[in-house]
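My structure is below; once you've seen it, I'll send some questions.
The first chain written gets the first letter, and so on, giving A, B, C and D; residue counts start at 1 in each chain.
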Amino acid sequence: MVHLSWYIFLSAALFSIGLYGVLARKNAIAILLGVELMLNAANINLVSFWRYGNNALMGGQVFSIIVFAVAAAEVAVGLALVIAVYRSRNTIVADELDLLKW
Amino acid sequence: MEFLSDPIKVIYEWLMLTFTGWSWAGWVSSLVINLLAIVGFISAIMVLDILLVWVERKVVARFQDRLGPNRVGPFGIFQPFPDIIKLILKEDITPEGADRVPFNLAPILSLGSVLFLWAVVPLASRIYGVDLNVALLYLVAAGSIGTLSIIMAGWASNNKYALLGAYRMVANMISYEIPMVVALLIPTVLAGSMSLKTITEAQSTNGGVWFVLVSPLGALIFLIAAIAELGRSPFDLNEGESEIVSGYHIEYSGMKFGLFYAGELLHAFTFGGFVAALFFGGWHGPWAEQYPLLGAFYFVAKAMFGYWVIMWVKYTVPRIRIDHMLAFNWKFLTPLAFALLMVTAVVHRVLLDVPTWLYVAGMFLSNVILVWITVEVLRAQARREREAKASAQLAAAD
Amino acid sequence: MTAEQIIFFLTGALILVSALMVVTTRNLVHAALWLVSTLFGVAVLFASLDATFLAVVQVVVYIGAIAILFIFAVMLTRRNLLDKVPQTNAGWPWAALVAISAFAGLVFLVGQMPNAGAQKNVVFGDPLMALSMALVSPDAYVLAFEVASIMLLAALVGAVYIANRK
Amino acid sequence: MENPWVYLGLFLIVGLLIPVAAIVMSAILAPRKPNPIKMSTYECGMETVGDNWIQFKAQYYVFALAFLIFDVETVFLFPWAMSLNVMPLFVAVEGVIFILILLAGLYYIWQKGMLDWV
């Protein structure tokens, strides 16, 4: 049998990989890719808690659907920002976008 | 006549007896039988696909007042087989600078995404792959893998024209996916289920009628969106030969090109099958309940008719420009599809408990009224534009 | 090992390997394609958890829409990020340290979890129908349903406004 | 089979293996005589200039964005459409409000002229 903790470990590993991507990547689009991995880790958790808990309550699945909508909104606005920045600064390397840095 | 009433069950039980006779474990025999069934089913689809090449060539020849293939076999029906042998024996050229893994993966996913669709299609009352309760969304999901394969092909070829063709095709496919999904929502509302099997059954049992009578506009929107999704004329600007050579598969040769071509033909036939299953009663017909093989025949015949309509449109209508295509989708088809969905949902809910004839009449009438309102809006719009143009001309003349 | 465990390990390996490729590969289009592979693995995981609707929606939304949007964005901004230069910033060892310690902390916390060894319950009724009714029922999540549409509206208006500003 | 997903998984694997088999068969049987001219990128017979980077039209991105939002919307609408038969009329009205809110977004980008291909 597959225990609940296996799913949680998998999602923890996925979350950490996504965190590394967000922190280490230079390119703004690659950072958003890392955020997607982290959101998916959260989704695995929600669905496995639904499945292993009282699965007559649909909260876990409804939550994950809302997470899908949030992910879509985040990607839409995030990539639009990246493109706007690219147009004005001609770069999307996060290290070079330091206009507010002293 | 057990075999005629439920052939799958008879074959399954016979194979099960044979395998357990060889002292295999129950789950192993079940797995092997399912695997055999899948391989057999997909092989049958591929043979059908090969015959579709002949059908397509013969039909286009008739539309263009030609004879078409007529040398190999009676009516040239064996023509596709030499074609395939030629494709297999052709040298496969991978262009310099191509990204090898996506380049080779793209044609596989392209044909695969079409084959996946057949897993959920109910061929007859007791002949179907799997009764998935989210079948309609599964269709959309398989289609999105096809979209991905196109952008992979365009990007990995390292060719400007391929990339340009892929952009156009993807813009086309993702735009028309919205009205297509909304058109898929209409049978969902009417049948209260996303399973293709339940939707097909809802069109005959308990006095149900074909959904094309309940929602003719939905069927029309689905057909238009399906043609656009296929990238067939009039929406074939992804391959506009005169401008961008042949679209995203320009760098593909030999069998890889053959896979794209086979995928496109099979996709057209598959959409014919979906129009049949969603709006024209699927396998339903006289005596189809008792004899599933007859039902499968009805289904293939209806799918073939849908495929013929798609070909008819393809070889009659000229190609449209990309701005017209996108404007037609976003400014006309998408709002219309959403309006139809809202009207269908509310009218369906209100008329849920009335007799069938009243329900059908009410739904049909709501569709007619919606079409009438649309036409009036379009006429008012056209009149406004005409008057604006006339007054501009008058001003210029002064 | 049961078949269920084999499927879990294969899917888990696919997810983690592809996720590692997403964060380490230099070519951004490849990173987006590896993301597709990760998300497909997550969809298989959802199917193995009997969340049929979410498994299909995962493919429709992530592979069909979000991955395409990523690839478009990469192509739009590809000019001065050559694929050959390193794609990590100077502080990447620190990032790796943070990620590993986050993982260690999470593993420790999961170890403390009281029901870590829980077994799957029998699925109650028809989860798909229950989900549909929960999502639109006035006693359940209808507010979230409507607020989601307002959020999507805000995202559409905002994103198009930002992307098209001259 | 009791679990449809097992059948579906097998179907996906076989559905991918058949195109792979076609390519492998072709790779075994077909000749292979590469030369630089044959391998070069096809540009209507002209010499190939530059790499495949072309100016990407930002308009494609706007359509992809609108598609993403409406795609997610339809994901919410499928459960709504399924539950209509068993829920009160109020639920149908909920969905209509949901659609109208998003059509307002479509109207906005239409009025801003972002649906016009320039």
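We adopt the following convention: contacts are C-beta pairs under 8 Å (C-beta built on N, C-alpha and C of every residue); 3 or more make two chains touch, one makes a residue touch a chain.
Everything numeric in this text was worked out from a predicted model, so none of it was measured.
Across the two candidate interfaces, C-D and A-D, the one carrying more C-beta contacts is C-D. The innermost chain, defined by the distance from its C-alpha mean to the mean of all protein C-alpha atoms, is D. Between chain B and chain D, the centres computed from C-alpha atoms are 14 Å apart. With centres taken as mean Cα positions, chain B sits 34 Å from chain A.
Centre-to-centre spacing of chain A and chain D amounts to 21 Å, using the average Cα coordinate of each chain. For chain B, residues touching at least two other chains, in rising order: 132, 137, 163, 170, 174, 177, 194.
Taken residue by residue, chain C touches two or more other chains at 48, 52-53, 55, 57, 60-61, 64-66, 68-69, 73, 75-76, 79, 128, 131, 135, 148, 152, 155-156, 159-160, 163, whereas all remaining positions touch fewer. Within chain A, contacts with two or more other chains are made by residues 65, 68-69, 72-73, 75-76, 79-80, 83.
Residues of chain C touching chain B in their complex: 29-30, 33, 36, 52-53, 55-57, 59-60, 63-65, 67-68, 71, 75, 126, 128. By the touch criterion given at the top, residues 1, 4, 6-8, 10-12, 14-16, 18-20, 22-23, 25-27, 29-34, 36, 38-44, 51-52, 54, 56-57, 60, 63-64, 66-67, 70-71, 74-75, 77-78, 81-86, 89, 91-93, 95-96, 99-100, 103, 106, 110, 115-117 of chain D touch chain B in their complex. The touching residues of chain A, when paired with chain C in their complex, are 1-10, 12-21, 23-27, 29-30, 32-34, 36-37, 40, 43-44, 47-48, 50-56, 58-59, 61-62, 64-66, 68-73, 75-77, 79-84, 86, 90-95.
Considering their complex, residues 44, 47-48, 52-53, 55, 57, 60-61, 64-66, 68-69, 72-73, 75-76, 78-79, 128-129, 131-133, 135-138, 142, 145-146, 148-150, 152-153, 155-157, 159-161, 163-164 of chain C touch chain D.
Contacts from chain B toward chain C in the complex involve residues 99, 102, 132-134, 137-138, 140-141, 143-145, 147-148, 151-152, 155, 163, 170, 174, 177, 194.
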